[in-house]
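Next, two complexes with subunit A in common: one pairs it with subunit B, the other with subunit C.
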Partner chain A sequence: MDTLNYINNGHGLASWLLTKDHKRIALLYLVSITFFFFLGGLFAFMIRLELLTPAGDVLTAENYNKMFTMHGVVMVFFFLIPSIPAVLGNFLIPIMIGAKDLAFPRINLISWYIYVLGGIFTLVAALSGGVDTGWTFYTPYSTAAANSHVITAALGVFITGFSSILTGLNFIVTIHRMRAPGLTWFRLPLFVWAHYATSLVMILGTPVIAITVLLVAAERVLHMGIFDPALGGDPVLFQHLFWFYSHPAVYIMILPAMGVISEIVQAFARKNVFGYSFIAFSSLAIAIIGFLVWGHHIFVAGQSVYAGMLFSIISYIVAVPSAIKVFNWTATIYRGSISLDSPMLYAFGFIGLFTIGGLTGLFLAAMGLDIHVHDTYFVVAHFHYIMVGGAIMGYLGGLHYWWPKISGKLYSEPAAKLAAGLVFIGFNLTFFPQFLVGYLGMPRRYHMYPPEFQVFNVMSTLGATILSVGYLLPMFYFVHSIFRGKPSPADPWGAKGLEWEVPSPPPTENFAVTPIVTHGTHQYAPSKEVGVV
Partner chain B sequence: MFTNFPFFPQQASAQAGQVDAIYFFMVAVTAFFSILIAGLVVYFAFKYRRRHRDEIGHAIHGSLALELLWTVIPFFITMVMFVWGAKVFFDMYRPPAGAMEIHVVGKQWMWKVQHMDGRREINELHVPVGRPVKLIMGSEDVLHSYYIPDFRVKADVIPGRYNVLWFTATRPGNYHLFCAEYCGTKHSGMIGTVTAMEPADFQAWLSGGRADESPVAAGEKLFADLTCNTCHLTDTQGRGPMLTNLFGKQVELQGGGTVTVDEAYIRESIVLPQAKVVAGFQPLMPTFQGLVTEEQLLQLIAYVRSLSQQGEAPGAAPQSPTMPQSSSRPVVEKK
Partner chain C sequence: MSDGYPQAPSVGLPGRVSIQAPGNPHDEQSSAHPHHPKLQHHFDDMGQQAEASTLGMWVFLVTEIMFFGGLFLAYLVYRTQNPMAFQEASAHLSWKLGAFNTAVLIFSSLTMALAVRSAQTSESRGTQVFWLVTTMILGATFLGVKVIEYSEKFAHNNVPGPNFVWDGQYPAGAEIFYSLYFCMTGLHALHMVIGLGIMTVIAIMAWRRQFNTEYFTPVEITGLYWHFVDIVWIFLFPLLYLIGRHYGGH
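Our next item is the complex of A and B:
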């Protein structure tokens, strides 16, 4: 080894498992998150296999219910929520702000261990027979009726929540206190702004899901009457508490992806972003307003019609900052110098799919229309456009963009382009038919379905097959690049930003000398300082 | 194999057209903006493609006018969606006076139905076309949701409370009935058929087959069997409140506050009598939780309601056996 970097600076398992280096912890997360992604994907594939035919023939009803439950729990809590923040955020935020590490390196390591502990609980729940409540754990089914391993799975969710809280805390303190000299708030990369907003949601929302899950356990184990009407409780109370966290959790998934897209679009258009402060503040607006929309999940649960109207109007208001971002990204590539490398393909995919996902959210916020489409495949299609088409496209785009920095190696660009294409085609083939079958009335979480819905389900399963090939390919060319890839220069894309000024891979301390920042990131053309527009 | 499949659900209720109108508006907005954004991205990506290795983009920092434009336009479009969606919801939320009432009880994994003349059905529902039908729905166990896609109606069925769903079928035929809220192992088997019939056919169907007692008559019998009538007398001398002409009224509660006497309050007073005691009475009533089934609760409620119907002698079954009449009281909103 010639130069010392964070990868070759220390050998052996202990040097990784006891590391306090944010970059190594990011890699620990990368490995564990990838494991849970493919596990959740396996569950999804079993679901799609079952739904190939209208009859329940591949799995029993019980096992099918466990499959979609485990798919949801694993993907939401163990992949989507930690994915971009814990891997890319962990790796990049200190470097992007010119710091040597996060503010609390030990807490960062503890977060990973907590995440793993929560993951073990969930795996134990899965292996010892599974859980069949749906990832939403709706009461009174979860507390009074379900015979599966609800407590173990709920504890997994409870525990991993603390990992989220600690990561959010770490990011907020780091962004406030550890910026390099001259790096003012309005010179911060938008990726950092997005993570700041995400961290606020993590810190304020996650305790509520922890409390809710504990109450479920208290009712299930101790028979305290909280949600079960037979014990004097109120089942709809659970839905309020659950969605108070779980709707903002959607923004935990999508905001960091928006941050990634803001970076990629600038880098591959070689142009500073259009409307910097509008994008930065729209992240904060989404984070804050996002806390006030949870009631749109329960329009038909018998909530007061006036409460429903309030939740409906606020849900529409939170759509506006998302629209602002999409328009600004589009305006950013106007008169840019656009190169269609694989990260940019993912970014374009994100913009298209997130636009459809966001606009179909408007359908669901319309109370009169939601009566019909609530709990159908229309909802399934909508949130997969946001979470898979949005959050996972963002994650993959970010991984491709920063992989040369993280690994120090270049991957095969043609293979990456192929994967991006397969993901885009496979995704649309999987989820677009679900809008149609949802409007036809196919309810979600159905093991069997009427035969006239089959053609849409066959398309979905075919799409899911293509999608899984698209997801497996990067595994091969990323791993291949580690052993056979050409070394990456510090800045393989000709992009601007502090992370491209340090070597690839970066040294353990990131910067030999703390940089002094004189302008915002992504200043390609010589110009005046970015104004407040 | 796939020659005969629909792309769009039938419009088989008076509400369906209203819901579809919002849907088509939304589809148009979605198509417009998706094509606009995708078109611009593809066009710019081609027009401004990188032509040599070191090329950079122009420095454009933004435009306040454009930002305002794409803030204000989406805002107004979404407000149209909000108002429209809320209006349709509001219409679909309030059953019209005079709607034909039917009791529905969901349990793992079946739908039990009782018509007001006593006729029972399981996993089926027969209704006449052209007449508003109001389902009063409770659950024996966990959450369920009553969903008829071709009518565009759905409401969750929740243990411990009553939710109402109403519709006017417009086209005779058989339609899917689904449970839309996950309720355990055989959730996808909790399905059935809604049959909309011409009024004459419906009358024939209703008079064919064996009808049980009407819910009101069954409730009256239960009222005596459970000895409710020892405390709830037909005058004000009883240890419990007099139930005549009570339904739909507001009553004062012990310790302040008022409550409207509706289905939910009667149910609560039977299963959790101490929860809200009427002012001036002692909390003497025992709980009947576990002693009465969900269906019996609905029958008791039907009986108590019948005591408040104008022009009827208390206790007399007000519904004609073939053509159920609704009470003329104002519709009580559910929580």
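Our next item is the complex of A and C:
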């Protein structure tokens, strides 16, 4: 008989669906976001299939529009935004701060149900004919022109937003009020700092997209003239409101991934992070400055040139804290005793790809260059380097790093290394050619293109195929590890931190007695004063 | 650490035990109320639980500010674009009903504060319920006046949409004004209705003698919510009702 842990403490579907344990809720999220990830992947597969040839032969133009819209909606709102916070954050934050649970366990469970309800709305929208406005729901596509199921999909996004708000609220209160005795702010793991910054963006940004989507629905249903120029409204106001949330939303995706990388880099270089407080504060800086850059999405939409200059400058400034993180991770790895386990491979992938994604973001923040590459595949490649090369790499790295803790089992390391390699190669083969073809002038969101662009698109589709194998592999070896994997010790990596001091998998209460923390939670180099400023 | 964690494992190096717990003032009181029936298992004590709940409500109110903020931004943009139309449209709202409702809401904030106070000082359940019910009656009065105002607008076809009728100079701008008017006051009224629902539950709990000096957080955070709804109206009233006063309204 195994010792009692959160997995075997209670059996049956009801014990999972009515649980208030943050670890079980994290697993509920894991299952549901994995579903949406592969659903979004399916839409991406259809896009890549269509773009294999220059002619529009697989999908009609209208269906192609629906495919990229549903791909964007599902991946952004139902996978990327909840991915790391709702799964890894939910599971780890209480353990990392020495608490028994999040501050509001019932609200945590409710947030999952809200997420599922929003997901059902979006699925209904997809199955009943789809939406063709683009994931941005730009007016007037979404109000006057489109005849598709905009309201259903928009309501799905609206509802899911509240799940995100409640998660952020829960994290903020938990980090403020539930820390173990002695665990001061500057002893917190950087993963927790990153989630604190993410939560700030969630609670400040998400309500704005909620009201915006509600106004779009009001305009469609009640014919109120908010965004429709025919009724006296202003469609550019929609773009301002939308990007006020949706640009910071990129930081909802990337900040938690940065938190994951900060943990992995320390564990596999066997070194305390270089410049702890710089990384901690750079998370906050990204969260705050990230709210002031939305105008760089609207350079060509009639925004005043002076506003454009300001947004351009601030967009450059927001790159500084991101760069600080990259330099600090590099300095952490420098002269560390590096072990190339699979989480570290993902971390290396993240650092490289995020750097490319970030630097090309600076190209786009420059107004002159942006006019040339606006709405081309250059933009598509840029944000996929951030969202896929950055956020998903971080998510997978974190999942591999903490899987022994979550499941209590060890997975096949060779298979994991193979998957990490396939993801890296597949990703670059998919998206690097898009930088080139975008720069050459191929616009996004068309199902046909001139024949001279075919070679790039064939590379892209081939890369996407490799990438999908890399994404499917972990499904198999993670599931396999649950049934056949060796039991994991409490600390399989020799890593530091409170989560590695509790058994794998942790007991329901996390800690038999509340730990008392006397120094920073990461102590890889005890001879130096580290982790504490 | 007084007595809460007798054999807590010390996570760290021997000889460097320096315990400090800023942000955890509850530790000091952990022995004061060890087994309060309302204490949830994952909190150390009632103080920590109460602080978590009030902070949670404050954070929620921040999200509410951002939620209403989108509407206020839309108001700002369209009023700048249609200054005269907004004045003309505003002049057709009854400032007297608006002012009456403002007074009602401010008074309800007073009675709400007294309800929190009566729970905090462990007054009789009759007193606690009296203040809560008074607040609810005032809230219902506000909504009643709102119904009168809305039905007057419906009667004159001043509701935005295909049937919108406007006999003034600026029909297009007036329609936007009334779109915003209905969105903003409608959303505000929805918050009032939700507040009345919450207060019903709180009043029943008060009648069952659940609130006293040791446990009154639910009343307190309901109060926070109610004051927030009140403050939103304090901004809505001048922006919607008073900007047309010098336009020759009634």
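The rule is simple: the second predicted complex is superposed on the first by the 528 of 533 C-alpha atoms of A that agree within 3 Å, B and C clash if a C-alpha of one lies under 4 Å from a C-alpha of the other, contacts with A are read in each partner's own complex, and residues count from 1 in each chain.
In the analysis below, a contact is a pair of C-beta atoms (placed from the backbone, for glycine too) under 8 Å apart; a residue touches a chain by one contact, two chains touch by 3 or more.
Everything numeric here is computed off the predicted structure, so don't read it as measured data.
Participant: Between subunit B (first) and subunit C (second), which does A:Y141 come into contact with in this model arrangement: first, second, both, or neither?
Facilitator: In the superposition, A:Y141 contacts subunit B only.
Participant: Which of the two partners, first being subunit B and second being subunit C, lies in contact with A:A415: first, second, both, or neither?
Facilitator: A:A415 sits against neither subunit B nor subunit C.
Participant: Does subunit B (first) or subunit C (second) touch A:V517, or do both, or does neither?
Facilitator: second
Participant: When the two structures are laid over each other on chain A, which of subunit B and subunit C touches more residues of subunit A?
Facilitator: The partner making contact with more of subunit A's residues is B.
Participant: Applying the document's definition of touch, where does A:G232 land relative to subunit B and subunit C: first, second, both, or neither?
Facilitator: In the superposed model, A:G232 contacts both subunit B and subunit C.
Participant: Which of the two partners, first being subunit B and second being subunit C, lies in contact with A:V58: first, second, both, or neither?
Facilitator: Once the two structures are laid over each other on A, A:V58 reaches no partner at all.
Participant: Thinking of the overlay built on chain A, is A:S337 touched by subunit B (first), by subunit C (second), by both, or by neither?
Facilitator: In the superposed model, A:S337 contacts subunit B only, not subunit C.
Participant: For subunit A, which residues belong to both interfaces, subunit B and subunit C?
Facilitator: 232, 234, 523, 526
Participant: Show me the residue ranges of subunit A that touch subunit B in the complex, using the header's touch definition.
Facilitator: The contact residues of subunit A facing subunit B are 56, 61-62, 65, 132, 134, 136, 138, 140-141, 144-146, 228-230, 232, 234-236, 269-272, 274-276, 278, 299-302, 304-305, 308-309, 312-313, 316-317, 319-320, 323-324, 326-328, 330-331, 333-340, 348, 351-352, 355-356, 359-360, 362-363, 365-372, 374-376, 436, 439-441, 443-450, 452-455, 458, 494, 523-527, 530-531, 533.
Participant: Note which residues of subunit A are touching subunit C in the complex, please.
Facilitator: 99-105, 107, 165, 169-170, 172-174, 176-179, 181-185, 203-208, 210-212, 215, 218, 222-226, 231-234, 237, 240-241, 498, 501, 513-519, 521, 523, 526
Participant: Would you tell me which residues of subunit C are touching subunit A in their complex?
Facilitator: These residues of subunit C touch subunit A: 1, 4-13, 16-24, 27, 40-42, 44, 48, 51-52, 55-56, 59-60, 62-64, 66-71, 73-74, 77-78, 81-82, 160-162, 172-173, 175-176, 179-180, 182-183.
Participant: Note which residues of subunit B are touching subunit A in the complex, please.
Facilitator: 2, 4-9, 18-19, 22-23, 26, 29-30, 33-34, 37-38, 40-41, 44-45, 48-51, 53-64, 66-67, 70-71, 74-75, 78-79, 81-82, 84-93, 108, 141-143, 145, 147, 149-150, 152-156, 158-161, 163, 176, 178-189, 272, 289, 333-335
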